[in-house]
Structures are given as C-alpha cells and as structure tokens.
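Take a look at the structures listed below.
Note that chain A is present in both complexes that follow, paired respectively with chain B and with chain C.
Right after this comes the complex of A and B.
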C-alpha cells in the first residue's frame, strides 16, 4: 500500500483518477477527486495507484511513502 | 525485395495518416475533459496515447522501408533532413518535417512526467502543425494519392480532424458541465478563468 498525493495547483477535475480508483476516490460537484476515507492522502494499492498516476492528463498525481 | 519494401512503405504511409488523424482527433476530444465517446475520460486519454503510439510505429516502418528500398531514391540523409530529397523534394520535405515533429511529440510524451505539464503542453501544440504537414506530404508525394482507397482515407481523416478542431474553436469546448444542479457554479472555478 502507498499513499496518493494530489497536486491541487495542477488538478483540473478531468476525472480520470476517480474513474480508475472508484472505491477510493469520489468526484465532488466540479469533478475534483475527494478521498472517500476523508484522509488528505488516501491509501491505495500500489499497482492501481501507478495506473492512476500514469493516466492523469495533467500529471497532478504522485505517490508518497 | 525492393518490391516488398515499396508496397509496405505505401501501405504504412496511408494507414499512418489514418492513425495519426485518429490520434489528433482523439487528443482534442480527450482535451475537452468530457466523456464524449463514452469510453470514460480516462479511456479517451488512453486510446489517444495508444493510437499515437501506433501511428508512430507505422511512420517508423514507412520511413525505414523507404530508406532500405534501394529503388526509392531516398537514403538516410533526405529521410531525416527536410527538402534534401531529389525525389519530389517538396512532398518528401513536408513528410520529413512531419516526422521531426512526431519524434518531438513522442519523446516529450514519454518524458512528460519529467518535463512537467507546462513544457509538455507547449510542445504538444505542435500536433496542430503535424497534421497539415502529413496531409501535404500525402498530396505532394503520395504515390497512391490518386487512388479511390487513398482518397477515402484522406476524406475520413480530414473529416475527423476538422470536426474535432471546429468543436475545439467553439465556446462550449472549455466549459465542463457540473454535476449538481442547485447552488453550484456554472463552470468549474478553473474553467471560469480560462
């Protein structure tokens, strides 16, 4: 497990990560990702996390820890 | 052997134009940030990247077969430096320019996390130059440009790219609808600034 960090200066709510990590992130009303757990940096299984990081069109995601 | 290479280079030339046009049109649709095709917003991006990679591979075969074909009159130098070809200098030159832009897009695409979104996006604008260069190359040096099947490929390609560009230029392109109806802003906070 690893944690997912969102760079909010880059994120524009395209929604690729919320589609891929449907059980971990939900979309707020503007399409921006919101962790379902309420944490700032939610725990994500490493493989799905890397997939979401690669899919982000604005390169706003990174893995921490 | 030369004959096989010649057929391959012509075939990959026309299919590369189709793939490239699909990649450009899909890139514009993905850029809208909306689920236009129904593949999900992540899916449209993914297919844009895969189509671009396929187009690059087809162009690689297209160029390589022409260079290896000793009868084509195109050696390594005119295949890499624009307008140095003795054979149809204008058409081949446009193709070489398109190739150079394609290489640039491919490299920055692979390294996009390293160079960051600002540089990536700046370089990615050149895709709008790549497409007309490729079409010019098709028209001025395409050996099959007069055949019904190559013309069909060109018409399909042109329709896809021009439709996407036309939508790109409308005001509605940059505005993504919000999900909740009541009390929400009509635009996302960042979209409103654009």
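Right after this comes the complex of A and C.
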C-alpha cells in the first residue's frame, strides 16, 4: 500500500484517476478527485496507484513513500 | 551570552522602550538550536510549530547554505503587529534574522515586508555598522491575503508570482538559486534576538510552562464603542482573553463574541472569554492564538453579516490555482450569505485540506465555527429574521 498525493495547483479534474481508482476516489461536484475514506492522502494498493499516477495528463498525482 | 543585568521579566519586551541595540552574540548552529529548544519558542502560524524543529530540518544537512527570510507580509487584514514591530523595534527583527543567518552559514538574509508595513525604520536599522558583516535585504513586496504563505513568498522573492506551491514540490522551499529558504515570522525573529541577549531562563519567566514568553496581539472591534482603543498590545502568553481585551479598553458587556486568530480563525462566545489565550485554552473552540488577532463583535452587530463579508473577501483572495478552492470558496460565501447552514457545512468539508496552501482550510474553519457558535442565529436567518 502507498499514499496518493494530489498537487491541486496542477489538477484540472480530467477524471482519469477517479475512473481508474473507482471505489477509492470519487469526483466531487466540480469533477475533482475526492477520497471516499475522507483521508487527505488515501491509502492505495501500490500497483493501481502507480497506474493512476501514470494516467494523469497533468502529472498532478504522486506517491507518498 | 550577556553579562549585563537582565531587564525585569515583564510583558513589555518587544514593545519595551528602549529595546536593546548594538552588537549581539553569535551562537553557532548547535548552540542556537539548543537555545530555541530550551526556550520552547514556537512560530506564529496556527500550528504553533517549534522554531527549533524548523531549524532542525536544515541542521540535518550542515553543508547546505541557507537563505533566511523574515516574513512581515501581514496579509491578515485584522493584524497590525508586524507593522507596529517594524516601526518601533526593527533592530530586534534584524538582529534575529542575522543571528539565524550567521548560525546557519547564511548565504543571504532577506526581510520581506507587506505593503502595510513601513520600510523606513528597518532600512535605517539595517545600515548600522555592527550589521555590516551580513547585509540584510529589506524588500517590500506586493500583498494579498495568501502572499505571506511561505511557498508563495519564496516565489515572489525571486520575482515570480506570489502563488503558493504544492508542499511536496521539491522547489516549494527553494529559491531560483536552488538554496533552501528558511522563512521565519518577524515576531519570531525578534524573540530570537531577546533570547540570545538574555537567555532562555529570562525568556521563560513570563507566560506558562507550556506556552512561555510573550506575544503581540492586535485588538479591534466591530465598532468603536466596543473597543475604544484598538491597536497592538504585547501580552504574556496564556493571559485570559478578557485581560487582553481590557488593555484596549473593551466594554465586555457589549461583546457578543470574539473572533480569535483573524479571518482564518474561530469565534469564542462572550460566555467563554475567561479562557487563556493559549493553544490548550482555545482548543475547545477550534481556535489557536495564531497570528494574534482578537476582534470583538458588538451585540448590535449581526455575526452572519460579518462572516458573509469575510468569506466573500476570502473567496476573492484565493490564488486561483486549486480547483476545490476556486469553485468552493465563492459557493461557500454564497451559502453563508443565504444562511444555508447545511450547504455551508457541506462546502466547508469539500474545500478543507484540498489546496496547495491553508487558505481553504482556514476559510472552512471560520465557517464551521460560525455555524457552531451562532447556530441559533443562523437558523433564525434561514427563517427570514435577524435576532440581533
């Protein structure tokens, strides 16, 4: 498991992460990712977290070691 | 350390007249860290972060040169302590800045002033001969509510936009020269100067064991009949809110509640004003001593109107970078204005913690506090009447 960090200055709400990590992230009413758990940096299984990081078109996601 | 007689340990230290001047001791980095830890000096942000730990992060890499920045941006409209401090005792701030910069092998020392802070006295003091070994650049920068957030200030000092960076961005606390920036509040630096001159024992003789020393507080009111002598006072830490309000001549019978900590702060109702102005004392109300702001709301004044005005202002002061803040703060201001408690609470949760800086978090704190402390008042508004 790893933690997922969003750089809000980059995120534009494209939605790639919320699609890949459905069940962990939802889109808020404006389309920005929001952890269902209520955590700021949600726990995500490492492989799917890496996939979400790679899929973000704005490189707004990173893993927190 | 000094061998001269110590001044009495009163609450007037930073605002004493005169404050000490002239050459100051030169602790090395280890001595300085030990002194700050012994004193228990904390920063003026909401978290009250220990200054010794802030230095410690840099001490771990002794080879690094550091640019030390004094932060007197004072973007909080209800705060004037930096302006008063830089007017009356600029030498203390410069002393602290130079002490830290020398101890850390500082490459540069910069004092950043907001537009409301007078630069003249600091420029004059910076030119004193005993400061010539490590020149302090005194810079006045464009202001704004978030301009004093550390990562925004670091960028603005390099001529960039005064916009906060993501805290995990490796460049967030480094300048264009790649050197780390150590940003310390102007008041914190002034305390460092007194600590070096008089020692931690003297410094701790005022305040409480958990919350030692003194702090500057800006006291104001929603109308002059409530707080006839608004201004900046220096108080021992842990003094009661009522005692500090009394210094400004506050008529407590007229006070409905006090906004503690400024626009990112929280309300303490009139019934609880005997609480100490300390982290522990204020915790039940979600407030912190923070930037040292007490703003008394008169009984005749409507808290919802006041908070609607403040949230609308805060919505306009965002840096415009982070989606939840850009979308959420204007919506939050509208919900507050409409006395829609449910929607306001929902939006507060939606913006909290979802930005590069603490602007959405602080705005959410104010709104939640308002919904809690003035629950009945907000409900009455929703029914179309103001019970003021």
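By definition in this document, the second predicted complex is superposed on the first by the 65 of 65 C-alpha atoms of A that agree within 3 Å, B and C clash if a C-alpha of one lies under 4 Å from a C-alpha of the other, contacts with A are read in each partner's own complex, and residues count from 1 in each chain.
Definition applied: a contact is a pair of C-beta atoms (placed from the backbone, for glycine too) under 8 Å apart; a residue touches a chain by one contact, two chains touch by 3 or more.
Remember, it's a predicted structure, so these values are computed and weren't measured experimentally.
Undergrad: Touching A:13, do we find chain B (first), chain C (second), both, or neither?
TA: In the superposition, A:13 contacts both chain B and chain C.
Undergrad: May I ask you to decide whether A:40 touches chain B, chain C, both, or neither, giving the answer as first, second, both or neither?
TA: Only chain C is touched by A:40; chain B is not.
Undergrad: Which partner does A:30 reach: the first (chain B), the second (chain C), both, or neither?
TA: In the superposed model, A:30 contacts both chain B and chain C.
Undergrad: Thinking of the overlay built on chain A, is A:57 touched by chain B (first), by chain C (second), by both, or by neither?
TA: First partner only, chain B.
Undergrad: Need the overlap of the two footprints on chain A, from chain B and from chain C, as residue ranges.
TA: Touching chain B in the first complex and chain C in the second, residues 10, 12-13, 29-32 of chain A appear in both lists.
Undergrad: Of all residues in chain A, which touch chain B in the complex?
TA: Listed in rising order, the residues of chain A that touch chain B are 10, 12-17, 19-20, 27, 29-32, 55, 57-59.
Undergrad: Give every residue of chain C touching chain A within the complex, in rising order.
TA: Those residues of chain C that touch chain A are 163-166, 168-169, 321-325, 327-328, 350, 353-356.
Undergrad: Taking the complex as given, what residues does chain A use to touch chain C?
TA: 5-13, 28-32, 34, 40, 62, 64
Undergrad: Flag every residue of chain B that touches chain A in the complex, lowest number first.
TA: Per the stated touch rule, the residues are 30-31, 33, 40-43, 45-46, 112-113, 116-117, 120, 176, 178-180, 184-185, 188-191.
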